[in-house]
């Protein structure tokens, strides 16, 4: 197969699955419907799993018309068209949110991690102002290969979770909040400065990256 | 008495005790030794308590020579020359630090709150990455009229403490940390965005204001 | 009672009133109508006061349909459904605004402080460029247990007020203004650097926190 | 005369007095002693007044050796070598400081305004936390053609002064303070957002510009 | 007359003309039509000139219905209802713009300065990339008592103008531009750092303040 | 011919072609249709090429009605009305994009460089996460006189390209991305700090400047 | 054993090894020699591995005197006193640097990952401006369980590496560079916006966290 | 020859001259003397020109001892050890500075451009506040293939120069200034927003890049 499919407006990287373990993922924001549709078709024709993120309502309708078998999650704004039926899950990922408003970002993480083959468990609204809500889930944490913590505003949750577990914690800041939250800058800084040693960080609102790397870690942890 | 003592380089506000409940406090940073010394003398002669903060080593030596009875705390960088012997304590303040490096700022809060008459209890190094260290102090929190939480880096501690108590929590961000801590900006933003409803904030490294307002709150809470 | 009600998308903290003196308050921004409605119902069924903030027009209409007895303030964007008839007021809070445009934030503070049981007095448009407008209210300040000062643009009002009183002043910066006001950053910084020792700060536009903590302070100041 | 004197490392603008009403002023920061000395000599030989600012201790000693008749102010860090004896003062400038620490910047304003021929009156330490200290000087304000207000930290003073007078107010933010003062950014923003209509702003710590423009305004106000 | 008219939502400062030389100006952004209308009526009834800025299209229609004699400028977004017929002009102000897009801000300056009694001359689109466009207006500059320079993007124009004249230059940065113009931050910083000594600065897009202070300076310069 | 055409709202610089090698280009953002139309007409009547950028849909329709022969590119948002038929191309420019979303900015660069006479080759979507997509174009790079690299998000592409070629690389950051991309600040900083010595930078989203300077460099490189 | 050892200035968390898989690590910056020494002693007496980071020269000398068996790395500024002889390595970590100046941060990562039991391979100075330097190491990448990429200035290296491998990449921005590198902000933003899906980020200069999490990932990947 | 010389702490790129037209340049900041010395030796032994920048005084002394034939410029902080005697100059570069304090950065540009073979002419201190100083050099501009403009503070010079010439202008912001100059951020933003179409920008204080790219452009412009 050609390593790259040149569509003029895009060079579809058909070797990424071989190099990186998962095909190219389509970032839909700001792209014409036709551009997105063409890349989906090219990946699908090449027998590859096809995941798209940041799918607008308009793009979702367009893609739904052309690829009716795809799974679309409107809270997560994702499009998922697997190449074949799912196999057994490899590795365990827990996704936490500090608040209810963080759910869209958390759902993007869930869909992504599942696309990469992880067994994912989502626990919502366990922010630190009611610490007992969090502590009662400690057993579920012990079972995880990686934990994704999604939080806006003060972004304090990853530090507390990090101090309770021995697996990596991926912190995902969200743009939830107002004023000095500065669209996610506040929790981003909090997380980069986490006093827990096992916390790493991804971009604001990037449930995608949180889920992606968590699944990579979990998959490797369970592979012999 | 004249309401203001005009020293040329300073107008000492001799009515502040009447208006605000405590005399003018001297901020020493960037001032000549003589300037600081003159204001101390003027307040002392007017029969007022005299507190100075951000006292450099050089200023401390100078003031120590002229006012040998004053109490100086070199960790807190404070100078304290009370007008008369201390009276009974009014109100209870607890000061917490997330880490050991936050101690100088916390000590400034302690000295200030004591100068205003509070009974102060300091608990150091109870950051959220070891949450059990914090939770074992809950009984001491219940007793407090106000809690001052001093934290740098992720600044997550006030949110957790705020969710455990029913008194106001004054969060003091510190410049402890490096990189994306941005000299205290990270914990400042964390604290302003605290998910706990009872958390208010003061300037970076301002143990002075944290202790001052905590003592005001505590004093009022105990007055009939 | 269960300490936490798990609704899937939310873990309602039913013990917060016991721990913190007031039930969980619902932050509505960015949440689905149904999510908000369910949490209101759960709190109400548990016999708790129910306060919601940042209620959009659409959410207000939805909630109004389901909870017709609730009090909604469309300037403050609040929803208030008390568990039982109000009791006697405990403590006195004064809320000031620098300008007329600051009124929505100030109203949020008023509604919140009243929900917590405070006797609240609102004085609008007493900014420092006409200092005599402010000074003629000094008697009302003397009576307060806590003063909330709401100001945008230069944010200078709390420093002047702080120098006139002996109670804590909670400064609430607003996003009123344009250009270098930077959506509230300018008054936020002004307030954090206030030359008055009794000024503490909350997030930009957070009338909620200003009112909440003021009521806590006032309540404690009047309790024997 | 040549309009420009080319020294290789500098092109001395010998026509600026004709175009702008005052000769080129030397900004000494980061320049070699010899460079500064040569420009001074060139201006002096051309029969022009010579003012230098931001003169380091080392530069001051060097210049003092070569131009012993010059007046140097070590608080203001200025060097002043007038071409001829002073004439009658033209116009009245008042310079205020919020605190004692703002004095070096204020002194730079005073020296500069006097060099341009203004009659200058300096009042120190009248910050807004003790508003009565300010109000007792109102009569002096009424007499001014322009007022320069020098303030760090909250930078609130110009707004209050602006509301009391009918002449322009030039606000000079200083880098006095710590933490969220951000080396003068906080008062700079405060001043740019002043609610008083007659307040204009110059760079942080630029006593030079404050004094320069105040003297221009005052001079024009008194000229027939 | 009462010094302040208390409308509940506003305290109209009826003494500002006496103290500051011009009545209170109404900043309309974010205010209800009725609020603005009431303040206009109160000022007008008190026999005072009434200027309003940042008038939205909706507010303009509302005010036009109630005060048909007022002059409204839709480019400048101003409302002007003088108390009596205009008198002779006092002082000369020149307003320059760097580009055509800066005209709305410049028009606000023109309307404001004329309201304060200045004789105003507007010259548009003389940015520094075509320096000859600027230099051919030098004679008009010589005649001015104050020059207002309105510029976005690089904000370089005030520095060039400042070096050509001996009167104060008020620089008004605008939010014209994109990318690293950061909504006016770039020209704001340029202007604060101007290498010309006679340049002072006001808030981004504040044609109002530019025109106001220029008129004050011009008026004083022509008064005996 | 007059060097400047004064339209009141604009001073059209009719000598810029002589001074700078290309006529004044019209920046349409925020301008009235009529203003833009008049400047186009004036340039066209003066026998000059006329290029306009940042043309809104509404402006495009207006201009299309009056100048039906002009070439409009709706992806690039450009308007191009040459004075005469195109001549032979002078110099070779390659324009690269890191992603598909960068195409509008890249198209603006292409249209601009072609207007200045360059032979332009566009290669889209060769970002560094699939480095082989880039490396297979090395031969095309060797032929270029200047390369324009358009990239958002991490902005890493110019550094890699710069290390492969011996001509200047002009890096154009785009506002593509979200969160910590900060509307193009992230790639702007990346590019300013490029470890490749031949990389210079223009404003965020300024395909115009990228194309303009690339064409200048290419033109000079091919002229004897 | 007591879960916490209370030293007054510190609460040593003696259970962290059980909860998190590694004992508390001592951050030495800004702490007194005695404070650091006491915590080392307490951990060592409790039979725990003891790692300290950001050890100043003075602290290193002090600790070297009291714990002569410890291994100190003066480039990395680390102190390492293992509880017992090292066991077999678990998991493979590769640490890359973009430049030679990034070595101190990279060394901190190496020491930390080795302390956690990883087999670590360091490759220095393979920045993207000479991409062939990087590509020749691809075989070593294939063998890694996790790759730590340390880079300052443009921070472009992690994106290129991420596109070549199927394991997680931990990007560590450094404060190397000048000007618009803003002490590491530039590479931090680059890395947060990496176009490679497998890149996560830690704080500026935090070789410690990079090495810590890489070792966690590697250890888990090799455990059955 | 080996394309890369592996020194352990550095991978010297010995093919860069072939790929990019000039050998690898050594950035000395933060490197050990020995590291720098070894890379110089390796390049020199490979028969390549060797340029080093940001050479500290200590490094300069060390290198001077080992490579006595090298040319060191202590104002520019450069080290230059050419492989062979200079050949005829190729292309003309003009370097301008706005002020005298910008000279060190400008000298770095001069040394670098000369190392790449350009004929360089330096004109210092022609800032825009005395525009006639600049305009008298117009003839020298006409002769240039590229102009490097070095300016701090307001950074206005490149826009004026850009409007006078038809060659590319490379703007180099410097950290000269204080307060709101923000260590070069102010001129950086000014330059990125230049209203002249032919201005591109490099990092703050990067005389190196300014000179490097100017020489590339000039060299290509003169080659047949």
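Order of writing sets the labels: A, B, C, D, E, F, G and H. Residues in every chain begin at 1.
Here, contacts are C-beta pairs under 8 Å (C-beta built on N, C-alpha and C of every residue); 3 or more make two chains touch, one makes a residue touch a chain.
Quantities reported herein were computed from a predicted structural model and do not represent experimental measurements.
S.K.: Common contacts of subunit B and subunit D?
M.R.: C
S.K.: With over half of the numbers shared counting as same, classify the subunit E/subunit H interface as same or different.
M.R.: Shared-number fraction above one half, so same.
S.K.: CA centre of subunit B versus CA centre of subunit E: separation in Å?
M.R.: Chain centres of subunit B and subunit E, defined by C-alpha means, are spaced 44 Å apart.
S.K.: Using Cα averages as centroids, what's the distance between subunit C and subunit H in whole Å?
M.R.: 57
S.K.: Measuring centre to centre with CA averages, how many angstrom lie between subunit A and subunit C?
M.R.: A distance of 36 Å separates the two centres.
S.K.: Could you pull out the residues of subunit F that touch at least 2 other chains?
M.R.: Answer for subunit F, listing residues that touch two or more other chains: 16, 99, 129-130, 162-164, 179-181, 185, 188, 192-193, 196-197, 203-204.
S.K.: How do the chains pair up in terms of touching? List each pair.
M.R.: In this structure, the chains touch in these pairs: A-B, A-C, A-F, A-G, B-C, B-D, B-G, C-D, C-E, D-E, D-H, E-F, E-H, F-G, F-H, G-H.
S.K.: Enumerate the contact residues on subunit H facing subunit F in the complex.
M.R.: Touch residues, subunit H against subunit F: 16, 19-22, 25, 145, 162-168, 170, 188, 192-193, 196-204, 208-209, 212-213, 216-217, 220-221, 223-224.
S.K.: Spell out the part of subunit H that touches subunit E in their complex, as residue ranges.
M.R.: On the subunit H side, the touching residues are 98-99, 127-131, 135, 153-156, 159-160, 162-164, 177, 179-182, 185-187, 189-197.
S.K.: What residues on subunit H touch subunit D, complex-wise?
M.R.: By the definition above, subunit H touches subunit D via 99-101, 103, 124-126, 129-130, 132-133, 136, 176, 178-181.
S.K.: So in the complex, which bits of subunit E are touching subunit C?
M.R.: 3-4, 8-11, 13, 15-16, 24, 27, 29-31, 35, 54, 173, 175, 183-185, 188, 203-206
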